[in-house]
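Can you keep this structure in mind? I'll have questions shortly.
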Amino acid sequence: MNYISLKNIDSLEKWVKQALKIKKKPLKNKKLGKNKTLGMLFFNPSLRTRLSTQKAALNLGMNVMVMNFTNEGWTLEFEDGAVMNQGASEHIKEAAEVVSQYCDIIAVRAFAGLVDKEKDNAETVLAGFLKHATVPIVNMEGCTGHPLQALADAITMAEHKTEHKPKVVLSWAPHPRALPQAVANSFVEMMLLQDADFVITHPEGYELNPEITKGATIEHDQNKAFENADFIYTKNWSNYIDYGKITNSDPSWTVTAEKMALTNNAKFMHCLPVRRNVIVADEVIDSENSIVIEQANNRTYAAQLVLQKILENAQEKTHYSS
Amino acid sequence: MNYISLKNIDSLEKWVKQALKIKKKPLKNKKLGKNKTLGMLFFNPSLRTRLSTQKAALNLGMNVMVMNFTNEGWTLEFEDGAVMNQGASEHIKEAAEVVSQYCDIIAVRAFAGLVDKEKDNAETVLAGFLKHATVPIVNMEGCTGHPLQALADAITMAEHKTEHKPKVVLSWAPHPRALPQAVANSFVEMMLLQDADFVITHPEGYELNPEITKGATIEHDQNKAFENADFIYTKNWSNYIDYGKITNSDPSWTVTAEKMALTNNAKFMHCLPVRRNVIVADEVIDSENSIVIEQANNRTYAAQLVLQKILENAQEKTHYSS
Amino acid sequence: MNYISLKNIDSLEKWVKQALKIKKKPLKNKKLGKNKTLGMLFFNPSLRTRLSTQKAALNLGMNVMVMNFTNEGWTLEFEDGAVMNQGASEHIKEAAEVVSQYCDIIAVRAFAGLVDKEKDNAETVLAGFLKHATVPIVNMEGCTGHPLQALADAITMAEHKTEHKPKVVLSWAPHPRALPQAVANSFVEMMLLQDADFVITHPEGYELNPEITKGATIEHDQNKAFENADFIYTKNWSNYIDYGKITNSDPSWTVTAEKMALTNNAKFMHCLPVRRNVIVADEVIDSENSIVIEQANNRTYAAQLVLQKILENAQEKTHYSS
């Protein structure tokens, strides 16, 4: 069992319930991970993912080995058949097979480069580990998705929803740097697994990958989208069509108190880190309706659920084979 | 309970005795930290602090998560109300609140920039964590103090003092690079909590922050200061008045055997790392009277005492509330 | 007891047998390392060594503290009597003595600079730790040797050999960057401890240190060397005579299927990371005869044997002295 995308979730409703149980007694399964090792490989910076995933593993009694691949290890080659007389010192084939021998689970973070759409969509790094590793792989944010974040978001929404079928809005917001679409993609995929009135709002031209948003409502008028919303999830992403470019930085898309007033007293969500007064005004993120800190807290339980499922799955296999 | 400065010590004498008890049986409280997590956040390099604090936590049975914030995480914004359209990706408010959810104690190292005196005196990073974190904060060297070092120094002096009221000299020494005043400040604050004949010696113009040295004797003649001393604590600091500048590099301030001969067979102390034959001559640091290695050893027990007090304090609170 | 070079092995045959026992039950000695701490200090990048040594320590129940010395700590001075008014902030004397107080074993990786042969041969960093540390030192690859790799290689060969006295060939291969001789040196030293028909093959002028290869057969015709070989161990090294230079990059030395056909169905070995289609053709490293992944796996058990021996040795000493 791997956890690469939302597609690896058999029942989101069930997973959310299980995660909330873990949250109540996070140390209940402290023996499950005994003598098991999680390898965390970072190709990009990380705060929440780094600490919450590590904490989740510790809660399960696992050992953790953390490695910043880029400066602590070797540059990797991902192409089959490459003549490796250039920069890369090691092929993913060896790296993944070797690390699999030291770890029971490998978690990988590798952001989009935002230069070559095809390459990013191919998820070179994650796909390489997935192909060559002999142990389960967990996605700690790839080029096109951040499924641990989306799972934490689902847990957080379950804790805060009052309506059976809430109105949930994913709203683009401006940002000074070009950011990946990963968080937005996984949030969309997660929402499409739920019974909700789900609307995506962004400036024209900022459409996400249509294969991902298929079935979602898209509304270019942010104010209209916000009407009667129960949850506002804000996130910047760079242009997917004019790939990786910033073609809009319209400050009128910043989420302000005035905009939140259009909603049904909506909760405000963001995956963090967030640029204050660019993505969202202080007055909103500091308000009682902001649940961004709780979202980050739930990262631990999302990761713990995933690790627990993988460990249980491995245990079952061992049981059947013995 | 936090450990930010010497002001957090209620009785230095008591603390030193407790630390010496811990040193005798460092594993006695191995259960106290069970399932508790120390987060160590570094904004600057560290050898002794990194390893000794980690070791202290391990001795208490804690989990440790170490993070080099600068290159592994996000650049932080510390100003309230900032429009974050520049370099910083995350506000200290979110960072501190979020990390508080993964850790039971947060330890932070953030050196002085030595450019803006007011900003350094405000301890931007530490103050930010202190304000926004919801768990205890430990200072692993801030801009203006290094209280774990000073506590280790007090422990080391208690082990080596023969006089009831020893003469202790803090002596400035030259250094090729501009260094913070943090270690010197905390040493002064620590000495002022003790019954000692305490003298600070430095070239004219190298006065430390007068708010810190108030009550201490200052002597600009190094030789005179050394007379009959029982402990010589050497440390460079850059100019506090002409802030962060090196306005003196007089090699005659280097601590030599000739100077040590003026003392009452004094012990030689330094916090390390030390520039040999610049701060101190080999003949002194390599002599039997040098206790710099034991100072570094006591860093573990100083940190362990602080962590233990914080854990016990948290336990008591839980006890009262249940 | 230290593990610095193959010279620290009293009986390679015995060690290999012990390592293979550990491999069968890696958690059998989980209590041996309880409350013991391994400090791993890296002056260079590392993947296999970093993770396998850490894994080995965890299998023994040890605590591990990992530190990238270059960017997380201070620049070290190694020269006795140096006036430290230049780049280095700390002398190895203090660094090694201090770290010894926090760790029960110190493991060090410090590659050859490949500029100054004499300095590299002096193993400045390792020798510094060896001289000044007060706890056992493990070599995680120095300038002139990589004895943990060679031990893993011996284990792997023992698992795969069918002949009592196999023919083993160490073959140079081209590489775009100048690499140290460390792995080759230790492999040679290891082979000379065994009863084998051992041949080194490399282009003329690429002789390794003759003090190390004394007693080994050298054959400049690679094809001839490969004839009837049972094991082909490939590795690039830069020129030892014209020190640190690349004076040959002849692609005809790449190990291909055609060359392997000359052998007695030989196993293919390499320490990794390996440049595919430069050092070795895909067809060879991807063949059934390639045992490079198993070599990397055995790094864990090589490290675990070394750590176990050091811990047992320390235990005995304590026993005798009590």
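Labels A, B and C are assigned to the chains in the order they are written; within every chain, residues are numbered from 1.
Here is the rule we go by: a contact is a pair of C-beta atoms (placed from the backbone, for glycine too) under 8 Å apart; a residue touches a chain by one contact, two chains touch by 3 or more.
Just so it is clear, the structure is predicted and the values come from calculations on it, not from any experiment.
Undergrad: Quick check of your reading of the touch definition: is the inter-chain graph here a line, ring, star, complete or other?
TA: Shape = complete; every chain linked to every other.
Undergrad: What is the Cα-based rotation angle between copies subunit A and subunit C, on a 0 to 180° scale and rounded to a multiple of 5?
TA: Rotating subunit A by 120 degrees superposes it on subunit C.
Undergrad: Just give me the whole-number Å value for how far the CA centre of subunit A lies from that of subunit B.
TA: Between these chains, centre-to-centre, one finds 39 Å.
Undergrad: Give the residues of subunit B touching no fewer than two other chains, as numbers and ranges.
TA: Only 71 qualify.
Undergrad: Mind listing the subunit A positions that touch subunit B in their complex?
TA: Within the complex, subunit A contacts subunit B at residues 27, 30, 42, 45-48, 50-52, 54-55, 58, 68, 71, 176, 272-278, 282, 292-293, 296-297, 300.
Undergrad: What residues of subunit C sit close enough to touch subunit B in their complex?
TA: Those in contact with subunit B are residues 35, 37, 39, 63, 65, 67, 71-74, 77, 81-86, 89-91, 94-95, 97-99, 101-103.
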